[in-house]
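Per-chain residue numbering starts at 1, and chain names A, B, C and D are given in the order in which the chains are listed.
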C-alpha cells in the first residue's frame, strides 16, 4: 500500500493530523496498534482545555487552539465535543499552595495569558460549591474543558469520512529508510506500508519505533488514573485543578464529574496493561471532598487507567528530524496532549505538507536534549 | 493488611460450597455478598431441585441455601453480607464496601463466584414500568411477599421462564400466556407440563410485538415469527396484562474476572464472556478461581459442585490438604458433576435437536410445541402402566438427571437404575400402597397415583398440589386435562399434607373413570 | 399488593410498619424492606422519568443492577430503591432526569 | 488487522431504529447502527462515541444487546467483538464511602 502520509498511532493526535491532511486532499493511512481508535491517553484524560499551568513552550499551541479551533470543533467534526470555555480555577489551601500558584500565574501572565491570583472568597464567588478550606486560587477565564472521548472519535469519524484510511490491530514494529529517506513502515503482522512522510504519534511506543531509525526521545510511561461519577444536575462549568495536583477535573455536559487522580505512586506502576490502583480513587475522593464537600454523596461509577508518555522535560516533541528525512515526531505529550490536540493536528499536517506551521514549534524540536 | 487464605466474592451456591470445603481443610475463609441475605439466587428458588441425593435433590432451593449457610457457619466461615466487592487488584487485593467504608483485604487465594445476570430483549415498550425480569418477579414474590402483578405474560420457555410462571401462580398471579420465539420449549418438559395443566397457553415461535401502555404496561401484543424471526402479519394476539416477565437467558457476570486480568473468552457454550478455567476452576492467574454461573451458565446443583472442587483445589494450593487426598476428594465431586451433566439438557446438548430418549422412545412433539404430552403420546413412556387398583403414573418423558422417585417408594415400585437420566419405569410386580411419597418427591410434579376404576364408575387421581387455598375433602370443582382445559366435573376425595411432603399436598380427586388418564389438575369452581 | 400467605413460604417476616412520603403523600411500608417493595404495594409503578425522552421507568431487575428504579431519596438522586431499605420518615420523590424537579417549571 | 474503510452494506433505516437499547443513556438502535457506519467498529468505540454502557448501570443490561446490533451491522459473529473492560467499582459507590478506605477506618 502506498500513500503520501502514514500516521503511526490512532490517538487524538494521529486522528487530528489525519483529518487535517485528508481535508487538504493528501492521501493518508493511519495505523493503530490496538483494537480501538483512541485507546491511549486520548480517551483517558480529564478533558482539560487549559492554558494556565502550561509550560511556556507549549502555551502558543493551546492558545492557538482555543482561539481558532476549539470554539468551532463540534461543527467541524459534526460531533458534540462538549467544549465549555468557562475558566479554570486552580485551588490552594496553604501558604505553600499560594506560593506554587503565584509562581505559575506569574510565568503564564508573562506569556501574555489572562490569568490572576484570587482570594478564597473570590473563588467562592465564581464557584459557590467551594469549601472554606480554599484560601487562594489562580483564575484563568479563557480556559475550559471538552469531552476527550467524543473529540477523539469525532476527529476519527471525519478523517475517515474525508477519505483517510484507518487500520487498527496493526502494530508497527519498525521504520525503514530507503535511499536515505524514511519510507517503509513494517508491522507485527508482517505487512509493509510505504509513504513519503511518516508521522510517529504512538505515545510511549513511539520510543521503540523511533529507535529502529536511530532516534531516541527520552520519555517513560507514567500511569494516568481517572474516575467518573454518576450524572447529577448541573452545578458548575469551570475546569478545576489544585496547587497540590492531587486531582483535576470538571462536570461534564452529561452531568457526571470526571476527575484525574494523583496518588503519587503512578510513576511506580507495574508495566503492562494499565491497571487502576486500589487506593488512588479513595485518596482523590478525600481531596475532592475537602474542596467540594457537597460532592460527598455523589457516586463514583467507574475508574480507569492509561499510560502517558512522560517526556524528560515535560513537553512534547513535535518535530521533523533532520537526519531522517520524511519522519515527523509527535510524542512525549506528558499527559497534556488533549487540549493542544486540535492545534497539533493542524501543525503536523503543515509539517507533512511542507508548509509553514501556524505556531512556531522550535522549542519542541527533537534535538533539544542533545 | 488483613489477609485470608481464601476470599470468596459471592455467597451463592458456588461460593458457599467452596467456603465449606476450604474451611473443612482448615482454611481461614471470608465470603462477601452484596445482598442482605446469603444464598445468591437459591433463596428465590422455592421449587424442589432435581438430581440425586448427593445433589440435594427434592430439597427446595431456599432450604439448600439455609443448609449451606449453617454448614459454613459451623465451620467458622466468615460470611459478610451487605458487602460489595468493588475491585480485585494485583497481588490478590480485594476492596470491599462494607457499611460506610471500604476495606482492603488480601487473599492467598481468591474465588470469584459472582453468578449471572439476566439477558434482556428489546421490543417497543420494553422500557415501560411493568416489564420486568423473571428474577425481579422472583425477588418480589419469594423474598419480599409482593405480588409482581395481577395478570402476567411470560416470555421465555427455558427453565427460568417455566419455573417462574409456576411461582407466579403460586403467589396468586394469573399467567395469561407463555411465549417464546424458539419453536420448541427450552426447559424441562415436566416444568412445562405443570404450568400447562394449570391452563397457561404456550405460544412457541411467538415473540412480543409490543408492550402497550402510557405510564405502565396495560397490555401486550405477541405475534408468530417466521424462520427469520420476523413477525408474520396477521398473527398478532393481544392480551390485557399489567406485567410482562422476561426470562430469556442468563449471562455470566464476569466483570470482576476481567478486571483482575484473567484471560477471558467469549464462549457460546458457556452463554457468554467467561474466564478461561481449568478442571479445578482455576483461571489464568494462579490462585484465582471462578466457579458457578460466572464461569458458564448451568444449574445451581452444578454450581455447588464446581464450588466444592475450587475450594478443595485452593486447599491443595496452600498445602492445607495433601495433593493425593485433595485429588481424591475432587474425583468424587467430579463424578457427581458428571452425573448432573448427563441427559438431554446437558451443557453439550445445547441447540441439538433430540427426537428419541436414551431408551429409544420418540420424544413427545406436543410437549415441545405446546408444553404438555398429548393423550396419544403418553402411553409409550415406561412410567405409564395400567395395573388394577392404585398405581403410580409417571409422566416423566425426557432424560434428565434426577432419581428421588426411585428412593422414595418404600415398595420399590419405581425403577430408574444406575443411569440417573433413565426414564423412571413402573414395576408392575411390586404392589403400590398409595402412600404418595413418590408424588411428593418428584421435583417435576410429574407423578400421579391413579386408580383407574374404583368400581363405581369413577376413577381416583392423586396429584401434587402447591396452591392456596388448599381445597378440602368434599369440595366440588372441575378436572383439567394436561392442556389445562376443563374436561369433567370432579370432587375432592382426600387432601393429605405431611412434613415429609415438604409443602406439597396430595390432592385426590374423583372423576368419571373415562377421564382417569386425562384429568391431571383440579380447580375448585364456584357453583354457577 | 402483598401476598398474605404463600403455599410454600407461609408468611413473610417483616419489620415494623412505618410511614414515609412519596411525592409528599404519606404511605406505609415495613422498615427494612426495599423502598421499591413498599411503593409497589402502594401501586406506584413509575419511579422516574428519563432525562432525554422523559419516559417512565420503574422496577426492572429488582436486584440493584439495572438502576432503572432510581429515585430521589431524602434529597439524594439516583438511589436504587430496589435494594435500599425503607426507613421511617423517608422522603421519596419521583426522579425527573437527575433531580426531583419536574421539567417545565423553573429551568435547571 | 481491522480495515476501517472496508465496505459495509449500505445503511438502510429500519422500522425499529428508534427503540432504546441502552436504557440508562437512552441510546437507540438507530444511533448505534449509524455509529458503526461512521467507523465505530468496536464496542469500546461505540461506547466512547455514544455513551452506551457508560450510564449508572455501567452496561449491565445493554452490553449483549449492543454487541448483537454491532455484529449484525459489521456482518461478523457477536463473539468476535470484545466487550469493554471491566473496571472498578463494580457498583456505584459514594465518594464519602470510597474516601473511608483506611484500615483503621472505624
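Throughout what follows, contacts are C-beta pairs under 8 Å (C-beta built on N, C-alpha and C of every residue); 3 or more make two chains touch, one makes a residue touch a chain.
Given the structure is predicted, the values throughout are model-derived calculations rather than measurements.
The chain pair C-D and the chain pair A-D differ in C-beta contact count, and the higher one is A-D. Taking the mean of all protein C-alpha atoms as the reference point, the chain centroid lying nearest to it belongs to D.
Separating the centre of subunit B from that of subunit C, both taken as means of CA atoms, is a distance of 29 Å.
Between the Cα centres of subunit A and subunit D there is a gap of 24 Å. Rounded to whole angstrom units, the spacing between the C-alpha centres of subunit A and subunit B is 53. For subunit D, residues touching at least two other chains, in rising order: 20, 23, 55-56, 60-61, 82, 85, 87-89, 91-93, 96, 98, 100-101.
Multi-chain contact residues of subunit C (touching two or more other chains): 51, 55, 57, 60-61, 64-66, 68, 78. Looking at subunit B, residues 34, 87, 89, 95, 102, 104, 117, 127 sit in touch with two or more other chains. Listed in rising order, the residues of subunit D touching subunit C in the complex are 20, 23-24, 26, 55-57, 60-61, 91-92. Residues 50-53, 55, 57, 60-61, 64-68, 70, 78 of subunit C are the ones touching subunit D in the complex. If you check the complex, the residues on subunit C that touch subunit A are 51, 76-78, 97-99, 108.
Subunit B makes touch with subunit D in their complex at residues 1-2, 34, 84-87, 89, 95, 97, 100-104, 117, 119-124, 126-127, 251, 254-259, 266-268, 272-273. Interface residues of subunit D facing subunit B in the complex, by the touch rule stated above, are 16, 19-21, 23, 29, 60-61, 64-65, 78-79, 82-83, 85-91, 93, 96-98, 100-101, 103, 105-106.
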